Amino acid sequence: MMLEVRDLQISYRDQVVASVPTLDLEPGQVLGIAGESGSGKSQTALALMGLTRYANGVVTGSMVLDGRELLTLSPRQWRLVRGRDIAMILQSPRAALNPTMKLGALFSRTLRLHGMTKDQRGPRMVQALAEVVLDAEILDRYPHEISGGQAQRFAIALVAALRVKVLIADEPTSALDVTVQAEVIDVLRNLRDRHGTAIIFISHDLSVIGELADAVMVMRDGAVVEQGSAESVFNQPTQEYTRMLLAAIPVIGGRSR
Amino acid sequence: MSDLLTVRGLRLGFGKTEVVHGVDLQVLEGPYGLGVIGESGSGKTTIGRAVLRLHPALAGSITYRGRDVLTMTRVELSAYRREVQLVFQDGDGALDPRMSVQSAIAEPLAIHQTVARGGRRDRVAALLAEVGLGSDLLARYPHELSGGERQRVVIARALALEPKLLVLDEPTSALDVTVQERVLQLIERLREHRSLGYILISHNLAVIDRLSESCVVLYQGAVVERGRTRDLLTTPLHPYTRALRAAVPELGVRRPPSTRMLTVGPPQTSSVLQPAGQGCSYADRCPLAVEVCRSQTPVLREVAGREIACHRAEDSLSL
Amino acid sequence: MGVVVLTFLIARLIPGDPAVAYAGPRATAEQLAAVRERFGLDGSLWEQFATYLSGVAHGDLGISLHTKAPVVEDLFRVFPTTLVLVTIALLLAAIVGIPLGAMAAHSRGRLGDLVAKVISILMVSMPVFWLAILLQIIFFSRLGWVPVAGEYDTRLDATSPLYTVIGVPVVDALLTGNWVVFRSTLAHLILPVIAIAAYPIGAVAMVTRGTLLENLGEEHVRMVRALGFPERSVFARFALRPSLNPIIALLALVFAYALTNSFIVESIFNWPGLGNYAVKSIQSLDVPAILGVTLVVALIYVVLNLVVDLVQAVIDPRVR
Amino acid sequence: MKDLLNSEMMPAPTPDLQGEPRRRRPAAWPGWRVARRFPLLNIGMVLAAVVILASLLAPWITPYPEDAGAVIHPDLVLEPPSFAHWFGTDAVGRDVFTRVLFGGRVSIAIVVGVLLISAVIGLSIGLAAGFFGGWLDAILMRVTDVFLAFPALLLAVALAAMLSASAVNAALAIAFTWWPWYARLARGQAASIRRQGYADAAIVLGAGRARLLIRHLLPNASTAVFVQMSLDAAGIILTAATLSYLGLGAQDPIPEWGLMVAQGQPLATTAWWVITFPGLAILVTAVAFNFIGDGLQNVFDPKRGRS
């Protein structure tokens, strides 16, 4: 098992906002975390990135990545994990890019931070952009000059260039139009197939998760309600709440006028 | 059946840029739902606002039960707005943060004096009950309500004047799925009980499918396809509608990317939408585009029992 | 244009007869009439305004009643001194205020934040005239650490004569390499600069804290943290840069404020600048001079806004 | 100490066990319980209360109330602080403590007067401009721009010089320079509220302009105006004191803080107390109002925490 999480508990000011008893991830696997607002899914993502401290939260339990315990790492050691082993893409792709920086500058700085020489960086950037079907010309743009879908694909290119083991995608398509959402999902699937990146895909929308996930975890009010393979959760849900979530998804042709 | 609302050749703009280029819509007497499908930038919200004269029209006509809406005087407009109401997307902050639920729902009653002061409290409670909320919420303020509760309050307020026509602008897109389901059920129930006609604006095809008889698909401010909702969504013809339909994730159906009509398109070089000029506005993204698509703007024409603005509609039919 | 009208109206509406002020209380009626004619005070308000307008258009602001020299010349003489004083004070405000605000944002909600905030509020609540007098008493009269009054010790003229380049001693001394006088000018600058800088320091610190915190809560900061950037560069490079524009806008606003405060500080420290000139003009009902001063201030404001727009466009591509 | 400003930290997401989470944001005055978590707000309110009470009660709590007027005690000239004269005596032997307390009445009267005048003028103009837009907006905003192009203090100095020097005229001069700021604030508020969904909703429900203005605009703009007024109280105190210091405000027998500093300035090297205490009074009052304004800002808009 590449990533093993046990008894993870996230709290703010002594109030537990999310607890995850077990979460396992293998290379190339896509785990979908589904839940409505307030379910604790985004808090789980923050904890997996080691970013909870910046929101003054506390994490207990254990998170082991390739045999290495992450929770006991110092902030300095965490920095070397983020961007090398684990990366994250966020819900509002354009807001997630620094408004005063050209995309190329951010890309180049990030690769430099993780030890790539100048000669390595250029080809790596172009290759990664090609993987997400973006022209290298985009490197000369500012975030406000590109569309939301392009921004999200750019963020995925960053992750692809870094060759991380785990990508955490927190509602990566919720702010996008359906057609653009489909593009982003294709690009994520491509990333997984090409580099064997494991993906934790977080969404409020079970049907989007169904497009990509091998395993599914359903959360509610900070607790895990149900988890299992995608087939079992979608086809034979054991919990009433999961059934309700599934039934609530409006389907075309479900009820006709 | 007669028309409740008819929109003809409606053009709308912001400043000098036109964003809606001659749109026709038709809502029959209720219970009847017209779906307006569109993504961001399609002009769908502006159309909804124009129907209520919250946005000025550049050209075209809006007719409500035979009366011309665009030329109404202030008094006529006030009467019109008693019969036509707007339900916003929750995120728009449709409730005044400084008003309690009671005063928010009572506001239209107070303005139009339809219910005497003494009877208002009962009327408000009855409206709340109709949307499935208890009168314990009367003293609450918007920030003390959940998203679903707020949207129900907005609906109750819109119902206070017994409207005949509702404009529902993305009524559930800000809500969690389970809450969305309950709001959809509410709309379904109200349309039958109150014989409501409504324009349902949404990007969610499944919501449109469930709540509308007929629908139009907007792309960059123009209707590209129009027809009976069931036909249009089961066998979409316009390449854009097909792309939309293919992009909708469906549970348990995991299609390989190649079955989508729109996979990852060519790298877009321009972030701004193309100006509406010569040719089909969808040509750049369309897999079926040929020479004529770039030189001539397609107009709506009847193909296989529906209207479609596409030079290659026939070819699309045989795909 | 609006500014010109407003300044003219204010100056004309000041009660008292400027001709009397100029000619003295014992002047005869003929003398007064002569003065009025010479300064164009004899026509109607409209005529006076028209004359004045055409003068402004030609760069002629009339003749000062109290220095009896052309106002334009006076302004060129006194303005650079004030400009140097205020600019140094504002530089100090940026150098002290931005780090102070950044420190507050960094220790948000903890003791450092509270201390920084109390310091900032004390700075903006300080009556500038009182601060100037206190500084003078404590550091000059009591401790004798630094000199006051004037721009430098004029006794030095005997040993190291100062050559005029632009007419501002501190700059002249620097440009001509006159280090003795330069040291003296610096010592003379310390207290006035502190007095003027107090308010800007507090204001800059508060705005820096606010915009930094706003940016630190943005998604793009979370993103670079998630990419593994160290906190130092998250702060200095990724959060501060988008925060600079509000700070720059504030600096421009505060510049105007500091300019007015410099009037008071100048008169307390006997500094031969625009402020001193303005105060004397008001006291002697010197209409052309008052108009000139207000025009200069308004002009600075316009130029400042232009500079701010340019700088903001350089820093933030969204503004372009 | 760790929890000093904890309410400003990122709010912990509190799961709502009844299902959907309810948004928690302070829309209206959130009450004293929250106020207690803002130490500066409390210190500010206590300081302001002390200053206001002390000046209101000055005739009864000062040891020498007659010293607030034009009296001379040749035998008591420039006494240093002592038990009998806490803050010492001035150049004509008047008790500085008494005069400082009485001075508060002048300052508070000026603050209240200026705030009332400028807020009423500024709000009406600004709300009208933001609400109706169009040419009215263009004209009104050009006028306020001209005013704002001027450092307020300079304009006030010029105006005060033009009127005869008195506390009332100083207040009028300040109010005249102050209202454009309210006009701009109110215009911004009106324009932003006008874009909110609830403004459109009210129109659709049939609300006329008057109703929109009174029921929706005013209540929603009031928070920002309130915060601005408390911050401005500090600015007005400072401006008023500066005018008096320049001799353009209250005149001699009136105990005004700025004036007292000006009168004491020539003597300051030998009798530090004549300028120190009036100046401190200005500082403390300004600090109190700034604390309150800053605290209110945090209470109403914790995310932004502008200053």
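Going by the order they are written in, the chains are A, B, C and D; count residues from 1 in each one.
Methods note: a residue touches a chain if its C-beta (ideal position, glycine included) is under 8 Å from a C-beta of that chain, and two chains touch if they have at least 3 such contacts.
All values reported here derive from a predicted model rather than from experimental measurement.
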item: Identifier of the chain whose CA centre is least distant from the whole-structure CA centre; value: D
item: Farthest chain relative to chain C (centres taken as mean CA coordinates); value: B
item: For chain B paired with chain D, centre-to-centre distance based on mean C-alpha positions, whole Å; value: 48
item: Distance from the mean Cα position of chain C to that of chain A, given in whole angstrom; value: 52
item: Computed distance of Cα centres, chain D from chain C, in Å; value: 24
item: Where chain A and chain B are represented by their mean Cα positions, the distance between them in whole Å; value: 32
item: Where chain B touches two or more other chains, by residue; value: 147, 176, 179
item: For chain C, residues that touch 2 or more chains besides their own; value: none
item: Residues of chain A whose C-beta touches two or more other chains; value: 36-37
item: Touching residues on chain C, where the partner in the complex is chain D; value: 2-3, 6, 10-11, 13-15, 108-111, 113-114, 117-118, 120-122, 124-130, 133-134, 137, 141, 206-207, 209-210, 213-214, 217, 256-257, 259-261, 263-264, 279, 282, 290, 294, 297-298, 301-302
item: Chain B to chain D touching residues, read off their complex; value: 49, 52, 54, 78, 81-82, 85-86, 88, 92-99, 107-108, 111-112, 141-149, 154, 157, 161, 176, 179
item: In the complex with chain B, residue positions of chain A that touch it; value: 36-37, 132-135, 137-138, 141, 145-147, 150, 153, 177-179, 181-183, 185-187, 189, 204-208, 210-211, 234-235, 244-257
item: Residues of chain D defined as touching chain C within the complex; value: 1-2, 4-6, 8-10, 39-40, 142-143, 145-147, 149-151, 153-155, 157-159, 161-162, 164, 234, 238, 241-242, 245-246, 258, 261-262, 265, 268-269, 272, 275-276, 278-279, 282-283, 286-287, 290-291, 294, 303-307
item: Interface residues, chain C side, partner chain A - complex; value: 218-220, 222-231, 238, 241-242, 315-318
